[in-house]
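The chains carry the letters A, B, C, D and E, assigned in the order they are written, with residues numbered from 1 in each.
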Amino acid sequence: MTDALTLVSLLLVAASATAAVAVRDPARQALVLAVLGLALAVLFTVVQAPDVGLSQLAVGSALTPLLILLSVRKVRRRGQHEGGDR
Amino acid sequence: MSRRMRMWVLATGGLAVAVLLVAGYARLPHFGGAVHPYGERAVSAALARHTANVISSVNFDLRAFDTLGEETILFGAVLGTVVLLRQTRDEREVPPAPAEVAPPVRRYALIMLPVALLTGLYVVAHGQLSPGGGFQGGVVVATALHLLYIGADYRALEKIRPVGTYEVGDAAGEAAYLVLGVAGLLGGSAFLANTLLPYGTFNTLASGGTVPLLNAAVGMEVACAVVVLLARFLDQAVEIEEDNGSAMGKES
Amino acid sequence: MGRAAAVAAEVLAWWLLLTGAWLVLISTVDALEYLVGASAALLAAVAAQAARRAMSGR
Amino acid sequence: MNGWLVAATVLLAAGFGPVVWGVATGPLERRVVAQNFGTSVVCLVMLLLSQAYVRPSYVDLALVLAVLGPAGTLVYARLLADDLGDDPPHANLLTVVAASAATVIVVAMCVATGPGRATVKLVLIGVLLVAGNVIASRALAGGFPGAGASTRD
Amino acid sequence: MNTVPYLVAGWIFLVGCYGLATSRHLVHAVGCLTVCQSSTYVLLLAVGYRDGGTAPVFSDVTPGSRPLVDPVVQALALTDVVVGATVTALLLALVMQVAKRHGTVNPDELSELRG
């Protein structure tokens, strides 16, 4: 039964990592990176690494998205309004 | 180099790396195998020093010098960010406008700030017992403080977060780690050696010799470093405007 | 004088609440846990009071 | 055949799979709601895993996630308020589903662990999670009216 | 089942490199770098796993009663996560500087400006 759980969590990590790269808009990518962090935290718990899961949760749930979104806000206000992928 | 050519280089490079990785993985020990020589030695060394959380023991006792290096990376990165994101001459500081926030969200932020702070301190204090440690707890404490920005606005956060104090706290955390290391040296054994304090009874808060103290020093440094980091990012994103195109700076 | 008493009362209330929360979080309870818990709760209580004042003082 | 492990696997596959798909595609409003729902699903999976592996100390992961997860969603609600402004997502269904699932799982685990401080800790985590989920979805549904208009906050 | 986690780690690394190379926005590129970095966590922890093992954290388990996973790789992965976040912050600060100095965050346009 643990094999099935490991496989499911590995699949979810791979899917969210691919999604994080496929999403081109940085603000939307911050959302997918947060979900990737959650998937990684589950995988770390399944592989019996609670400390690493805890640090991934602490860093990935609020800190990294805040940094990325603040950078996007600063870059969007400074740079030209690139039409492209708005 | 045209974009198409760059794609070809990427494709061939990626394919070569993939082939090498798969070839390497075939010879790695199977996933879930039972051969973990370093693991057994680390566990026995940690138990000899009455540290319940072997991972914290590896981090702050067996490999304390590497963690000192990692602390210096953290300190250097924050220093770099502070230097990079300083306010330049052609920019001016604009006081942040107060934002209207729905009352339930404000109450939630007010209630959750102390609870998150307590959780962070709990994770730091029990670093050498249950899962957790200085790193994770420090980040939780720093994020707890920023609930005030999320729940209200940047002006409220600035009132209770003097950045200078946190920069001093960041340096003090790093210094405390070094002082504990040198104390080991003065105590007659090696730098950062865990021979200074008695190991205490197993699975209690005072067990593990210098591990809890190093944990607390790292917790303080990570918390202050993340606060300073976020302070710089918030200043840039919320307050600092460029002077010439001030009209452009108004709308988003 | 009233303001200081109100502030002290609020910090005390937060402090008791948070020390109770600390005792729930930990697994084994002993003297040192009480001490560390009480000081952590005091720190959090002071921060809670300062945050409320900062938020409402606009 | 550890029942808790089966439950965790089913919840992970059935709950988190759609979250990953929901957060990667579709309008921004739906993505943020999916991330909020994902926090609750993962917190519940962590609780189930700590019961499945008979490791009460794994509950600290669920505790930190219950505390920081909603804060992360509030960050999105706050900084993406300009893009979310037009049609705020009224995904109350997901909030109700998350809250009921949380209640069921926390009650089941409290029964399994029996009276004591560990049960109070579980209840605390459950309350934090449900409150955070409700407040975060409230914030997503237009909790920052002012921030939508003004650029600086 | 015995090499699947390694293959997943390899896949995440290659996907991250692909994203990094084809990104049109520097903040997106930093996100792809975080994806690359998370492949190292998966590989490290997959190497340290033992079937039926539990975490060597003895706050609620008596030592020696259950098989254990390898704590050394967990310590490596732990510091890796925190340093990764801090380096991401530094890179984002650099991206802000690039946007301030060159007015654009598209890597292709940047190289053209240098001429």
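Going forward, a contact is a pair of C-beta atoms (placed from the backbone, for glycine too) under 8 Å apart; a residue touches a chain by one contact, two chains touch by 3 or more.
This is a predicted model, so every value here is computed, not measured.
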item: Intersection of contact partners for subunit A and subunit D; value: B, E
item: Where subunit C and subunit E overlap in contact partners, by chain label; value: B, D
item: Comparison of B-E and B-D (more C-beta pairs in contact); value: B-E
item: Distance between chain centroids, defined by C-alpha means - subunit D, subunit E (Å); value: 24
item: Subunit A and subunit E, separation of their C-alpha mean positions in angstrom; value: 10
item: Inter-chain centre distance, subunit C versus subunit D - centres from mean C-alpha coordinates, in Å; value: 27
item: Subunit A and subunit B, separation of their C-alpha mean positions in angstrom; value: 17
item: Residue list for subunit B, restricted to those that touch at least two other chains; value: 53, 55, 98, 109, 115, 119, 123, 126, 129-133, 135-136, 139-140, 143, 146, 151, 203, 229, 233, 236, 238, 242, 252
item: Multi-partner residues of subunit A (each touching 2 or more other chains); value: 2, 22, 30, 48, 50-51, 53-55, 57-59, 62-63, 66-67, 70-71, 73-74, 77-78
item: Junction residues of subunit C - those touching two or more other chains; value: 21, 25, 27
item: For the subunit E and subunit B complex, residues of the former touching the latter; value: 1-7, 10, 13-14, 17-18, 21-22, 46-51, 55-60, 63, 67-72, 74-75, 78-79, 81-83, 85-87, 89-90, 92-94, 96-97, 100, 108
item: Touching residues on subunit E, where the partner in the complex is subunit D; value: 54-55, 57, 59-61
item: Subunit E contact footprint on subunit D (complex, rising order); value: 53, 55-57
item: Interface residues, subunit B side, partner subunit D - complex; value: 94, 96-102, 104-105, 108-109, 112, 115-116, 119, 123, 130-132, 136, 140, 143-144, 146-147, 150-151, 153-154, 238-239, 250-252
item: Partner subunit A, residues of subunit E touching it in the complex; value: 1, 4-5, 8, 11-12, 15-16, 18-19, 23-28, 30-32, 34-35, 38-39, 41-42, 45-46, 48-49, 51-55, 57, 69, 74, 77-78, 81-82, 84-85, 88-89, 92, 95-96, 99-100, 103-106
